[in-house]
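Okay, handing you the structure first.
Chain IDs A, B, C, D, E and F follow the sequence of writing; residue 1 opens each chain.
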Amino acid sequence: MQGCPVTKICPFPILSAGLAATWLALTGISPLQLIAALALGLAIPRFAAPLLAALPKVRAVGAAVRLTAVVAWDVLLANVAVARLVLGPSSRLRPGFVRVPLAVTHPHAIALFASIVSIVPGSVSMAFSPDTRTLLLHILHVEDEQGFIDRIKERYERPLMEILEKC
Amino acid sequence: MTLLIIILLPFFAGAAGTLMAQRRGFSAAAWAAAVPTAASLALLAGEVPEILTGEHIIVSWPWLPSVGLNLSLRLDGLSLLFGLLILGIGLLVILYTRYYLSPEDRIGRLYALLMLFTTAMLGIVFSENALLLLMFWELTSLSSFLLIGFWTHSPLARQGARMAFAVTGGGGLALLGGLLLIGNIAGSFELSAWFAARDAIRNHPQFNIALALILLGAFTKSAQFPFHFWLPAAMAAPTPVSAFLHSATMVKAGVFLLARLYPLLGGNLVFEYVTTTVGLTTMVFGAYVAMFRHDLKGLLAYSTISHLGLIMFLLGLDTPMSSLAAVFHVGNHATFKASLFMAAGIIDHECGTRDMRRLGGLWRQMPQTAALAIVAASAMAGVPLFNGFLSKEMFFAEALDLHGIPLLESIAPAAVTLGSMFSVAYSVRFIHDVFFDQPHDLPHQPHKPPRYMKIPAEVLAVVCIAVGVLPSYTVAPLVDVAARAVVGDSLPFYRIALWHGFSLPMVMSIVALAGGSGIYWLLRNRYDVHLHVPARYTGRLLFQHAYDGSVALAGRCMNRLQNGSLQRYLALSIAAFIGLGAWPFIQHGFQTGRLAPMPVGPLGLVVWGIAMIGALGMVWSHRTRVVAVILAGVVGLVASITFAYFSAPDLSLTQLAVEVVTTVVLLMALARLPQATPRESTTHRIVRDAALAVIAGAGVALLSWAVLTREQDSIAWYFLENSVPGGGGHNVVNVLLVDFRGFDTFGEIIVLGMAAIGVWLVLAGMRVEWPAILPKPEANGIMFAAAARLLLPFALLVAVSMFLRGHDLPGGGFLAGLIVSLALLMQYMGEGLHPILTRVRIDFLVLIGAGVLLAGLTGLAGMMAGRPFLTSANGDLHIPFLGDLPLASAVAFDLGVFMAVLGTALLTLTALGQARRKSPEAEEGRPWN
Amino acid sequence: MLTVSIYIAYLAIALAVACCMTRLVRGPHPADRILAFDTLYINTIALLIVLDIHLSTSLFFDAALLIALTGFIATVALARYVARGHVME
Amino acid sequence: MNHLLAVPIILPAVMAALLLILHRAPIAAARVVSVGATGCLLGVAFAIFAQAGPSAPLVYALGNWPAPFGIVLVADRLSALMLTLTALLGLVVALYAAQGWDAKGRFFHPLFLFQLMGLNGAFLTGDLFNLFVFFEVLLIASYCLTLQGLGRERLRATLHYAALNIAASSVFLIAVSLLYGVTGTLNMAHLAERIARVPAEDIALVRAAGLLLLGVFGVKAALFPLHFWLPAAYSSAPAPVAALFSIMTKIGIYAIIRLKTLVYGIDAGAVMDLTTPWLLPCALVTLSFATIGAFGADRLAIMAAYLTMASTGTILSTVALGGAAALSAALYYLAHSTVVIAVLFLSADLIGRSRGDMGDALHPGPQIRHAGWLGLAFLFGGATVAGLPPLSGFLGKVLVLQSTQEGSAAAPMWTVVLVTSVLTLIACTRAGSIVLWNVTEPLPGRPAHPLRRGELIAFTILVACSLMLVVFAAPLLRYFDETAADLISPTPYIDAVLGSSRDGVIKPYAGVSGD
Amino acid sequence: MLDIAVSLLLLIGSAFLLVGSFGLVRLPDFFMRLHGPTKATTLGVGGMLLAEIVHLFDGGFSLRELLIAGFLFVTAPVSAFLLGQAGLRRRLASRAPLPKEFSG
Amino acid sequence: MELMVSLGLGAVTACAVYLLLRARTFPMVLGLSLLSSAANVFIFSMGRLRSGIPPIVNSETTGYADPLPQALVLTAIVIGFGMTGFIMALAVRARYQTGSDHVDGMEPAANRTPADES
């Protein structure tokens, strides 16, 4: 990989692509803007490189797309569920803190996992243990603690490891 | 021209010369002072024959005609007499000084100041222009101040100097007022013009005010009661100074002034009454006090006061002969008093004390000095054959001849006789106590004074006798022309002579001599004057109390008013602004306009509600500071929504970004401050502040309401029309910022940059350049750090987009700068300040400087093209296949703005972030729990 | 149809803002108020979007984008301040 | 196109920016740049002074946008005078500070140059909002300069100074925008025209804006009761900065003169004479208050600070009385007091430094080094400020008294001026006799701060200026008379700024672009 | 047709936005209230953004509204996380027993 | 709508003035910051209120809000930000140096005897 011209010019290809797409989304598509998008997509990561060094590399794009879809679907369902909880009598709610043992190790992967859990209504990431091996969640309504842990690890953590940590 | 030389020679030649010569010894300095003085005297003497014929000389050079200040000089009899006195006695004083000073004294300085004084005094007597006269007048006060304070180590000298300056300088300012008033009435400051317009001036309603101010000036200068007290205090000066300034010359300036202005003032009832009353009072009072002074110089000082009163009395009287007597006595007093001062100085010099209770029997040790002193004291007492007798005789005659001055008419004869008796008594005391009585523990055995030290006194004594015996052959012509300069040609036939036959004045003289001797005998033997303790409430002590008291009072007043309380300052300022803003509406009433208002939507209500809650909440909860910060954020958000809703997207965006940065700045500051505000305002203060706040708020609301309901006329159409063709941009606000009003923006980025430098400067001493132990990355930090890292490139992209489109759409350099700052702020917060600073090595100061420079250079580019600063250029750059790329030079300007904003925000945040927090945990408290 | 739902949306946003303000005023802890503040930001984004739809413009898009991108910095700074007593190391 | 007008603003700004970029360079470089730039500024100021006199006001349209739309710089006689004073003081301060003061803080020179830029800009701009911007420039620079070297007193004083002035800046904005809201313009010449024709129902609003502006400028000029920030700020500022500040109060006075004679200067019935019931009493109270302050001061610098305020009182009370003669007198007094107050601050510094720990406190202390020269310096300053002849203070006082002789205000005016003069005289003699004469111990063996040649040169320049105010009083007074005449009849100024045809400049704002 | 879709999405968005904010008032403790904004963010703002995308449909979709959603999805969990930290550190009242080891 | 803006502006101003008059630096600075926000909205309102017509020139729209006050506000916002940051830092330093965050640099107990200053 070292010395490969592509990585040298474009050390963060996915990021560059995302930036270029964002640029086009912001400005509209025209020849001039295409060039600008390309230039900025390449220039900004290089410019910001000292601060980006620790960004993880995406290994499996397909898995990423799948994960996105899964999360979107879960968000939809959970929203409805949680809306009912919120609107219902609050005395019925059984909130709780839940500790989730983490298998992912890369800090960004951990952060991403914690974010996904937060995005899905009903659970919010609260803290990590000092060794970042455990994630503390607050659950609005705890019914089956272990089942919940297993479900999120299965649905979010495993694909994440596949995407970010398969090296 | 001669006159000008006469005046300026002593100072310009003398002062410089003495200062240079003082290294070469006392004699050299004395010669350096004496030669110019003598030259002046010689020049003046050359003018004598012409003046004695009754001529007068007036020369004039314009200086500041618009002010009325001209360099106009007059030489007539009066000024000739005074001029000769000043220069003649001055010369003698120079000689005397040479031997008087101790080796450690800086003689050059004394001579230089004496020369300055001589010039100033000559200036007074030769001035034809009233303002010019006043300039010299104040110069004499100043030089007197410096001369009295010559021995700076002596507290009495410092005090005496200050007192003299306060009284005479203050009187000078009163005089200034008086002269200005008359000058305004007359339309000129030339004395001849005043005399010519005499009646018009005297009939003017402001004349009496002017007269009062002028008299105030004259009385203070001539130490008239109740302003006399500075003169005894001035005796702390070296004796030559006392002899010169405080007996012979400067104190005569007040008298001179009234004599000079006599053609204008003379005969005015107010003038006559006030002057004679004050003069007579001063004469009796001074003589009375003089008897009880133990200090030789003190005695002489009060004697001087008394004689000045005598002269003042004579001047006030509305008869020609009285004025002649006054002028005559000026000369006589100058000679005998200067001589006496010199004698007193010799005695002090040789015996080490001036206290008459200790002195005695000096007749044997210093017979010549004793003889001199007896001559001078006899003149002072009005003994026949000495000059004082002649003028005193005239004085008695005038006192008997008061007609039409009600009360004074009957009192005056008795009063003058009494005063003269006192005068005789203190003269006798001077001679007897010093030369014939027994000494009591003298500090050291008196020895003979140096030969040359006695010469000046001897010369003066000779003059006393010569004038006394042969008046007609000595001074009579001079006195005559001098008197004519005062009273004009109305002088009747008269003769100055020793013997006028046996007359009532003669009787008064005899009564005075006999009575005076009797009084002294009584004082000596029955009352034992040596045990007398001076009164506690002298004018001098009163003045000193008043002086110290008012300095302390002023200090206290300022401590109360200017008490260092910002709250008070702000409250008063706000009240002042409220008053200013409200005043026109109190005058003209408040009117709203006629514009139909926009309907209120539900949205408006909601936003309005947020604003109200946010603002009031800030007040309500401001003690818990972090909550106040949250609410400040809410208010900012409302402002931003308001801007957005009312068609100001640029404002809305900028406000949003600024609000976020501000919140962070406030929090970073708060981390270094107490977390809660104590409850310490009194109810009174809360009510006061609330009242001010409500009124101010109501005022602002009314102002905006008044304008919002009015039709609008404006120049704004121009910007809409010219934005695209002239400015090359569709976003008019941006074109305004970088083009139409780019100069504002140029100033503004400088303000911003300096504010950041200010933050950096203020926090300089608190900086932790590099923490000893870098904080370990915390597990919980990874959430934010990861998000910050991910958002960074996108934020930069958005910033680029906002920057580039700014000329045509909302955005621009400010906003882009703020967004990039926020993106970096995220990194700071995510990973810690120091790790990021090591990786992003930008010198923010350079960034700010470069931004300002770039903006400035863009402006200068227009100048290169011959256009004014900041003239923009724009056009479309055609790129094949791609289209037109609109370019405006304003983009470069905006880039400068971007850099300056970025540098500012980052410098501020970095400086705050690096500032030491004093034991954060200890201060944290938990007020909100 | 669309107009009605836009007004319903306005109403919903107004109510949501009212909820936020209630929490903002009631607290009790600063953390609660920050939470309310954060939610207010989100409601503002929603408001700006609805305004865009209502007025058929994209005037308010930029403001919404900017809030989404940077608004959380204020929240985070406040939250961290309440948690640790400072904003950055 | 006469670029000369832009130079006093651009030159210091660009030089300051350069110095910021090169902030790691040795301070000697900064000194050279600073002194060089101020020297150039003086030359340029003289050139403008020479040109502004004979012809109509010089006008420079920034960005080539015509007035009233764009921002214009205008130099009439008054501006030229202020520019010259600023440049003169700038040179002196640069020289003085370069002897070591500048090394006590950081960024002295860039801040100093920005300060000059702000001053020059404020004196030149013809646009009211732009005036606000330059006020901010000079204020923030002055905060930073006051802080140089830090210390408890300075921090406190600067906090108060900044708080009051930042609050006042908000009022400034409100007043300026209120004027825009009612008249639709920001250019001062154009405002003058618009205000003259303001409809009756808008008079109160226009006057309110004017009076608020008066207050804002009053804060800058230290007019009672808006003066509170001044004594502490000026007396705790580093000496060269305090000397520079002697022009800072003058900026407020300048703005008040512009407000009174230009913006509200055209005869417009009720709107005219904006300042009448307020300015004179406030100015007289200022003068009295300040004199009492100087009288009771316990430090030389505090005395100098109060005397700064007193000069404001004198000048503004004269301005308040109006009339060409009064304006001319006020201008002379302005020039005089600017110079002499700088002299006082510098001599307070020199004396304070040579008295060791006692500093400039008005308590008996050690013998001072160079007592002769320093004594002469203080004597000169004190005598001038107290109005002793034949110095400029005397002439100033005479002019002020002469020009205010008529009318009902003469009596209070004269009383206050004369009485305060006496008190000032006493205060100065008291201070001088304590500091220079009342010596408790002999000369300390080793001088902590020797006098430096540059300081003496700077000082001498100031003294020479003060003397020249007397020696060349006649031509200067002619200039001031002409300036006053210009100010009394502002029409040529307005014509020069707006050009001859100005129909349709203002339109009812329909919110549409013209076509 | 498009209008109906826009209306529907708007209504869905409004509903969840309101529910989220309502939770802020209704729920009894801080940690439970913390769940509100995520709803407001995801389906609330998400629905409205979709509504606008559909509304602006003119043969192609404008995708820039997705940027807002993207930024919100990245930032909202971070806000919630840090607020949770604040709650834990300050040991705010909670219906669920607070874990000891995470509040340091 | 205009009336509401005016009232809101008045309320914000009043709160700002009240905070400005507090004895501690932090609320005082908040007051200054709030006051400058109020001033900004005031300037803005002087161009009158117009909804939905931003001053961005294009061929379709004919109406535009007054751009001039907007430009002024933008300048004022930025200057206000700089000033707030500066005086906040000043307050921090004053506290660090004096140990008190009272606006007069010392706790009120010491403040009651003004004599000890001199």
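As a convention for this text, contacts are C-beta pairs under 8 Å (C-beta built on N, C-alpha and C of every residue); 3 or more make two chains touch, one makes a residue touch a chain.
All values derive from a computational prediction rather than experimental measurement.
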Which chain pair shares more contacting C-beta pairs: C-F, or A-E?
A-E
Of all chains present, which has the mean Cα position farthest from that of chain A?
B
Specify the chain with the shortest distance from its C-alpha centroid to the centroid of every protein C-alpha atom present.
D
Between chain C and chain B, distance of the C-alpha-averaged centres to the nearest whole Å:
61
Which integer distance in Å separates the CA centroid of chain A from that of chain C?
23
When centres are defined as mean Cα positions, the distance from chain A to chain F in whole Å is 40
How big is the gap, in whole Å, between where the Cα atoms of chain C centre and where those of chain D centre?
48
At least two other chains touched by the same residue of chain E: list those residues.
15, 22, 34, 36, 41, 64, 67, 71, 74-78, 81-82, 85, 87-88, 90
Note the residues in chain A that touch 2 or more other chains, in rising order.
22, 26, 114-115, 125, 127, 129
Each of the following residues of chain B touches two or more other chains, namely 555, 564, 566, 570, 574, 605, 629, 645, 649, 670, 700, 703, 707, 712, 714-716, 719-720, 740-741, 744, 748, 751, 754-755, 758, 762, 765, 780, 783-784, 787, 790-791, 794, 798, 810, 929
Every touching chain pair, please?
A-B, A-E, B-C, B-D, B-E, B-F, C-E, C-F, D-F
Provide the residue numbers of chain B that touch chain A in the complex, in ascending order.
778-780, 782-783, 785-787, 789-790, 792-794, 796-798, 800-801, 805, 827, 836, 839-840, 879, 881-883, 885
List the residues on chain F that touch chain C in their complex, please.
52, 54
Note which residues of chain A are touching chain B in the complex, please.
15, 18-19, 22-23, 26-27, 30-32, 35, 40, 44-45, 47-48, 50-52, 54-55, 107-108, 110-112, 114-115, 125, 127-132
Partner chain E, residues of chain C touching it in the complex:
1-2, 4-6, 8-9, 11-13, 15-17, 19-20, 22-23, 29-32, 34-36, 38-39, 42-43, 45-46, 49-50, 52-53, 56, 58, 61, 64-65, 68-69, 71-72, 75-76, 79-80, 82-84
Provide the residue numbers of chain E that touch chain A in the complex, in ascending order.
15-16, 19, 22-23, 26-29, 31-32, 34-36, 38-39, 41-43, 62-64, 66-67, 73-74, 76-78, 80-81, 84-85, 87-88, 94-99, 101-102
